[in-house]
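Across the two complexes that follow, chain A remains constant while its partner is chain B and subsequently chain C.
Let's turn to the complex of A and B:
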């Protein structure tokens, strides 16, 4: 546990202003409920997501580094990004700038042309919303604050690709007990368990939802998502907990698409882990934006006394 | 773990002969199946270097063909023809014609990075897949894939405004790929959501679509990016021995 996460810079990213609106809302509400302060980056820009690197990877590094520089200029040592894509790209920029002089050169050159000071590695640490809650409050701290336990709710924890791969951009992971694992991540499991939920053994925690091609190769994405959904159901899950807006909306969209296009209906509900933790802390379903999800889980939550 | 092999002996190269006499000996029924003689004369010796010159392809030379990439591959699990190890093998040997047999699926890599995670040689197979897909497009072997169109529509919006507004992104992508925005499954999903959303939020989302969120003070950054993209495009065309683009891409 650390006090340095009591007040951190907040990088919501583009998705959280659109389809991931409920993640943005629930993250902020959970922060408020836990007494953690988030200060949004001023004039942030897109991190490059999964697309700009295919035009040019160093351009993606520049876009991500620009946000790290903003955090530094605002006086922060830590920036929290709830979106796996943003989190991944900021981490990757930090890694590339520290290890690849050619990347730093491009960032220096583009920053100078744009009239900005270039970011130098080592000044800002990027954390995920999972690190934020876990390290600022701790699982025991969270357990002590639970007012409306998630008892009886069976959850499959789904982390996706960008939170753990590739391993080398996450130097703090795989460091033994207490650190996050890249092969079998557990930070979300730990938090939801503390919130009272029953985590099911889900073998596809870090499988891919096809989010990169969710629109450009929809059939592949639908097949991948359908596998995630049916496996979660086979494991006995009521809910798939997510920690990435791209995975989350991918699961929701392709759950609907699998039903309409493939004729395969699945019942499992999809909720952001921050929505689940918010409700465990006593916030209403509406307060954490459950009605903003495409996947309508209101009935299930009401039945479990969480509505 | 299964080893996903790819055989170079295809059905059309197998010849069956029911009646066969060799040197006066009747071998019918015993030696009826033969593999057609196959001589490869059209090696493309530049292919590996060209793909290595594109972003992501830099480390292809490190590969020692262990097959960890294909074993861990998300797309291979649903389409056995998607075989990164095999493609890297072909590229390194310069077997262009063999590679072109799979030209229409290479772009389907979903960038899950399981291969990059598993690779013991740091080849970054995910990057090699992207570089190969771009090589196929730049060389004119394939039209730009829907994924490339999406990357371009997405990146153009980021370069222009600093941010992504999803509604505009989807409209742009569907327009460029000639798809209807009113696909049944999409409409059904949005209708369900709209019936639950409060009016205030709907208005906010609607306003975002009209006003387009943008990053303040982006003007000089936009110009710096545009210059860089043009410079990189030109240097890649040179590396691929292509003439300068007839017009700037953007």
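Let's turn to the complex of A and C:
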């Protein structure tokens, strides 16, 4: 293990305290099992998700800048966000503050009004949970710690569209071997392969799940998700591994809705990658919150000796 | 409701030997169908679809054109590139099963592209839905909410 990321600031975000609770739980449990320390940001605020951005993007920049400033004031150089939306917004705030003086002015003004010191770019690096485990432990380090291999489990890795988009806010990606790819991301594949799983080729890794359509046009979301699910099954997957609470909830909910509304039943199970890694590390399914998932994978996991 | 391109269903239902014996024909049809999807988006927005190519593919040029000024459209960038990739892999595969498999994967990607763009077209009157979309009120920024919020109201 390297010291890099051994102890980082943790920004769970709102979803991980609600629908994505199992992701929060499994992320923390995996951290403990790997000897990695997460220190939750004190008094963090919502990142504004997608709603605030659509009304006032610079206000959203302030929301994320405030969280980055909290991390800095707590003495951290790195903040880890497991949610793609939070991760995206923190990265975007960092980028906008570094490249758009108007964004910095708004953050300065709103911070002063709130009686806070404004965040200045370049002080805190935002990472995803995938970066955290991969860079702190490494794939070989993870492989060495596996106690209950995922051998025989066929997995389609689904990253969603916000983990890599837009490319300009992720300057560390697409830097060749060892870096993450924005067109064909592979960090989750790498980790789950190290945990013993068999990754199937999945051509819709970064395709839209229709997350933001969910309320305004549920049928479109259901059809997009149904295609993600049927494609995963056609590729031979038993499980779709996720790394975003919004994608995860969308896949679970629209899997049920596809059966109810369109009469299309799919069998593929949906699990957070942290749940899969946790079980590979020897943690029980309950400990990583499998029972909290809407998609009931317990029978499959028991059959594979992972329950 | 968006309808997935018919060629995707044809490819999904075809036997391996049928697909493998006409890779060039199926890849051309899949790519043409993808281009038609993007054509429909551009025409619906009063724009003339380009006939240029990017990296040898009109599909990629159309995506670049469609995404101009429309950041949320970039969510289908990888679908377009994956469609091209799978078609290339189908052409390069040296066995029947491999060619058929690649064509089927391309069909699934094409279906997603059709659903995504169709969904966006359907909702065009409701505003942008995408997580990375521009703020809805940018067009009215001069006297709109953005300006007011920046004054700290």
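Following the convention adopted for this analysis, the second predicted complex is superposed on the first by the 305 of 307 C-alpha atoms of A that agree within 3 Å, B and C clash if a C-alpha of one lies under 4 Å from a C-alpha of the other, contacts with A are read in each partner's own complex, and residues count from 1 in each chain.
The rule we apply is simple: a residue touches a chain if its C-beta (ideal position, glycine included) is under 8 Å from a C-beta of that chain, and two chains touch if they have at least 3 such contacts.
What you see is a predicted model; the values in this text were computed from it and never measured.
Under the clash rule set out above, the superposition-derived model of chain A with chain B and chain C contains a clash between the two partners. When chain A is checked against chain B and against chain C, the one touching more of its residues turns out to be B. In the superposed model, A:63 lies in contact with chain B only, and not with chain C.
Look at A:85: by the touch rule set out above, it reaches chain C but stays clear of chain B. Once the two complexes are overlaid on the shared chain, A:213 sits against chain B and chain C alike. When both complexes are overlaid on chain A, the residue A:234 reaches chain C alone and has no touch with chain B. With both structures placed on the common chain, the touch criterion links A:106 to chain B and to chain C. In the superposition on chain A, contact is made by A:50 with both chain B and chain C.
Look at A:149: by the touch rule set out above, it reaches neither chain B nor chain C. Contacts of A:266 after superposition on the shared chain: neither chain B nor chain C is touched. In the superposition on chain A, A:120 makes contact with neither chain B nor chain C. When the two complexes are superposed via chain A, 110-118 is the only one of 20-28, 38-46, 110-118 or 146-154 in chain B with C-alpha atoms clashing against chain C. Across the two superposed structures, the residue set of chain A contacted by chain B and also by chain C is 49-50, 53-59, 106, 109-110, 113, 161, 164-166, 207-208, 210-213, 216-217, 220, 223-224. Residue ranges of chain C in contact with chain A, taken from their complex: 1-2, 4, 71, 74-79, 81-82, 86, 104-106, 108-109, 111-112, 115-116, 118-119, 122-123, 126-137, 145-146, 149-150, 152.
Across the complex, chain A is touched by residues 55-56, 74-75, 78, 108, 110-114, 116-117, 124, 127, 130, 134, 145-152, 154-155, 158, 162-167, 170, 173, 177, 184-186, 188-189, 192-193, 196-198, 201, 205, 208, 213, 215-218, 220-221, 223-225, 227-229, 232 of chain B. Considering their complex, residues 49-50, 53-59, 85, 88, 106, 109-110, 113, 161-162, 164-166, 183, 201, 203-208, 210-213, 216-217, 219-220, 223-224, 227-228, 230-231, 234-235 of chain A touch chain C. Across the interface of their complex, chain B is touched by residues 14-15, 17-19, 21, 43-46, 48-59, 62-63, 66, 106, 109-110, 113-116, 161, 164-167, 182, 207-208, 210-213, 215-217, 220-221, 223-224, 252-253, 256-257, 259-261, 291-292, 294, 296 of chain A.
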